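Below are structures written as structure tokens.
Each of the next two complexes has chain A plus one more chain, namely chain B in the first and chain C in the second.
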Partner chain A sequence: MSNKHLFLPSGFIRTPLQNGLGRYIPQLQRITLKFCKNHGGSRGVRDFIETDLMEFAKTNPGTVVYLKPRRHRYPCMVAEYLNGEREYLSCHEFSRAEIQKWLSYMCTRSGIPVMRFRKYQHTDYPSIQGVWNPFTHQAPEINVAQFPHEILSKPVNNGPTATDQLIEIFKKTQIKDPVKPEH
Partner chain B sequence: MLITRVLCSRTPNADGFWKRRRVFKLTAHYYGRKRNCYSIAIRYLHRALVYVRKSRKLKKRDAVELWQQRISAGCRELGSSYEALVRGMARCQIALDRKTLANLAIWEPRTFKSLTHIAAAKLQREPIKGLNDFSPPPAGVITRGML
Partner chain C sequence: MNELSAINVISKRNFKPRWVAPTLREIKRRKDVEDDRNGGPKIFHRSTFLEWLNYNAEIFAFSNRLGEKFNEATLQTALTHKSYVERETARLSDMGVDSYLQIQNNEELAVAGGEMISKFTNGYLRAVFTHVPEELIMAMHEFLTSTSNLETVGKHIGLGDLMLCSDFPCESETYVKSLKAVVAALAESSGEERARIFVQDLVVTQLYGLDINELWNPADPVGNLTDILKREGKAEPEFRLIKHSGQNSVLAVYYVGVYSDKNFIAEGAGESLEIAKEMAAREALKQLFHTEDSMKALPFGRQLKNIQSKIVQLENQPNLPLSKWISEKVTSAVH
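Right after this comes the complex of A and B.
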């Protein structure tokens, strides 16, 4: 899969209104379950409604559950989120357990569309000491320095120059006590 | 009734539409016939997928190179060098990776400066042959040998 996909946009991870920093607010606003009372493909949905729906509604008091029995239609669920996004899922021939899992998936999602995350971390305050700028490591004295300056105008000491090194080598090659020629 | 022809006939490929749709979803951002015509699109798609596979390693390599460049630039601004920082930190048993160091250099510059000082102080005590540093030892660093 290439990263320039049109159908899988990329973005940075985020939560709506810093959810979870204080109180966690489930982002699912309402869930609509559409099913047929007779058709075989809706059996899972019907079983779910008969057994697990009340428990689901009690554990998610912030979510409104709508049931739409429609004849001769395939079952589906539509989840609507607090930021206005809608998510459609066809539940045709799903089992009761599958529907429960997909419902819990819808509950835990925020309405932000599914995307490829470029980074798995996000922070609003990336720097504590202050972001680097060209003046971070400069001494503030240069603001009021008058150039040419005694210290700042001189080159930084980077050790012996090539000339100095050659002079050192030359001195080492010199003989201290030259032998006097005998006449 | 002659049933040979009936028995030998083959059904058309039922998956044709969906097979092409899988390709066109991936080539939707291409230019011209490359996005709309299957036999042309499939060629460019194959190349694109090959590049995707190859570039997974290259991306990691590029990232490491970028971090190394940034750390080197940060060190040189402070009068040190990348090699001095890394080798000094290794001797102090500070195991920070290049990603973290690059992030510190950008977002936490004072911490980065302290790390360069620590490495420089360590190398003053235990100099490495070939790694010459003639600047004065950084002030405010207390090493184990001093105490």
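Right after this comes the complex of A and C.
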């Protein structure tokens, strides 16, 4: 699944201005709701404005809400974020609950455009003990060793060869203490 | 229509007449030609849009977004620029009304705010980087209070749409001035403590993820290390070759270790012996100053609660300069 055929840009998780490190600043600057006062497609928006809008404005005091009644136009919402990005969403024939849902979605986003996350974590300190290099865990003896070396020239962690094992077995079968013939 | 239709993500096929696309293409081509002639597309201030109805609401949202309480008049002053006041007076006098406008501008607030930002940053740096010489503190302070950094901070808290200034698009200096004035306004409205926390949360956090050793490095690390060890009464630093590889090739690498009285301090790597020696001395200094790559993570936000008093204390107390640096005089880190 390559990235070449996707129009969706990909990237790593980031946040504008290290948001949340010091304090959390809600990134939604203002939201504009455009709707028609008559048309049926704006009914959900109108219901939302009549019932849930005040509560929304109270819970998000950092966002300015603008209402624009526009005749004979379909309803939509435009969200503007602190980093200058804008997000448009058509609310035609949405229900009141859907408007609520999409509005809360806009609130919790930063202005960074929607993208495919390559990884769900990010760190600026990928290595604590230091990145491996060929000298890590090497015995210092290699610096002053004359090659070919008895131990260092041989492969590491080889274990006994078949010949060595046979010699071991043979030695075990030898009688260590010869019994003195009783006379 | 049932509710599920709106959740449908697939967009509808839109059959437009066949002359629409070529017409739009031609209009775009003409617009691009005009934009190129005028040096870029025309940008308008947000206040010229029809949706710009309520400056007071924007100010209210601004203070709530940051979680701070501002004195209305002070905040208004902090966001008004001298150029704006001049432009307005000129406009009024053009119209024939010769009145002296009572609006104050943010020059004094900006100066006071700039001093505060500088002071609070220094306090934080000295409280967190207790072992670091003053030269590095100054380099970090220079970075944090630079125009580019403060401009970024100012832009991302929404100052762009709130400032009253005559130039548009606003220059970096304008953003920086507004931010400084806002800090001063906050100190006036809610007290210096809140302003300090504000600077710590917004300006100082830009230090996160930065390699501070890229901001400053001693010019003569070997000499400096020798001086420091002499001052501490330890033996002279001895540089020994630890490892090497690819000696006569382009990809040569030498590892040099610094020893004091046969005790290993640090090692450094380089393409030649001289470079490796310098890197080893730098590593040794980094270890003394506690700024190695594996140093502790910087505290931000809530983690600063316990050292706030220490930060206040160290705001006016510079760290030891490199020429006088000695381990015993440096206080131990609190965090």
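Basically, the second predicted complex is superposed on the first by the 125 of 183 C-alpha atoms of A that agree within 3 Å, B and C clash if a C-alpha of one lies under 4 Å from a C-alpha of the other, contacts with A are read in each partner's own complex, and residues count from 1 in each chain.
One rule holds for everything that comes next: a residue touches a chain if its C-beta (ideal position, glycine included) is under 8 Å from a C-beta of that chain, and two chains touch if they have at least 3 such contacts.
Keep in mind that this is a model prediction, so the values were computed, not measured.
Looking at the shared chain after the overlay, A:H5 reaches chain B, while chain C stays out of its contact range.
In the superposition on chain A, contact of A:S95 is made with chain C only, not with chain B.
The wider contact with chain A, measured as residues touched, comes from C rather than the other of chain B and chain C.
Using the contact criterion defined above for the overlaid structures, shared-chain residue A:N157 touches chain B, although it does not reach chain C. By the touch criterion defined above, A:G130 lies against chain B and chain C together after alignment on the C-alpha atoms of chain A. Of the two partner chains placed by the overlay, only chain C lies in contact with A:R23; chain B stays clear of it.
Legend: residue contacts after superposition of the two complexes on their common chain; A:T63 is shown touching chain C, with no touch to chain B.
Overlap of the chain B and chain C interfaces on chain A: residues 127-130.
Taken in their complex, chain B has these residues touching chain A: 25-26, 28-29, 48-49, 51-52, 74, 77-79, 105-111, 113, 132, 134-135. The touching residues of chain A, counted against chain C in their complex, run 16-18, 21-23, 25-26, 29-30, 32, 61-64, 66, 68, 82-84, 92-95, 97-98, 124-125, 127-130, 134-135, 138, 140, 143.
Considering their complex, residues 1-7, 126-132, 136-137, 156-159 of chain A touch chain B. Residues 1, 3, 5-7, 50-51, 53-54, 57-58, 60-62, 64-67, 152-153, 155-158, 160-161, 200-202, 204-206, 208-209, 241-245, 255, 293-294, 297, 300-301 of chain C touch chain A in their complex.
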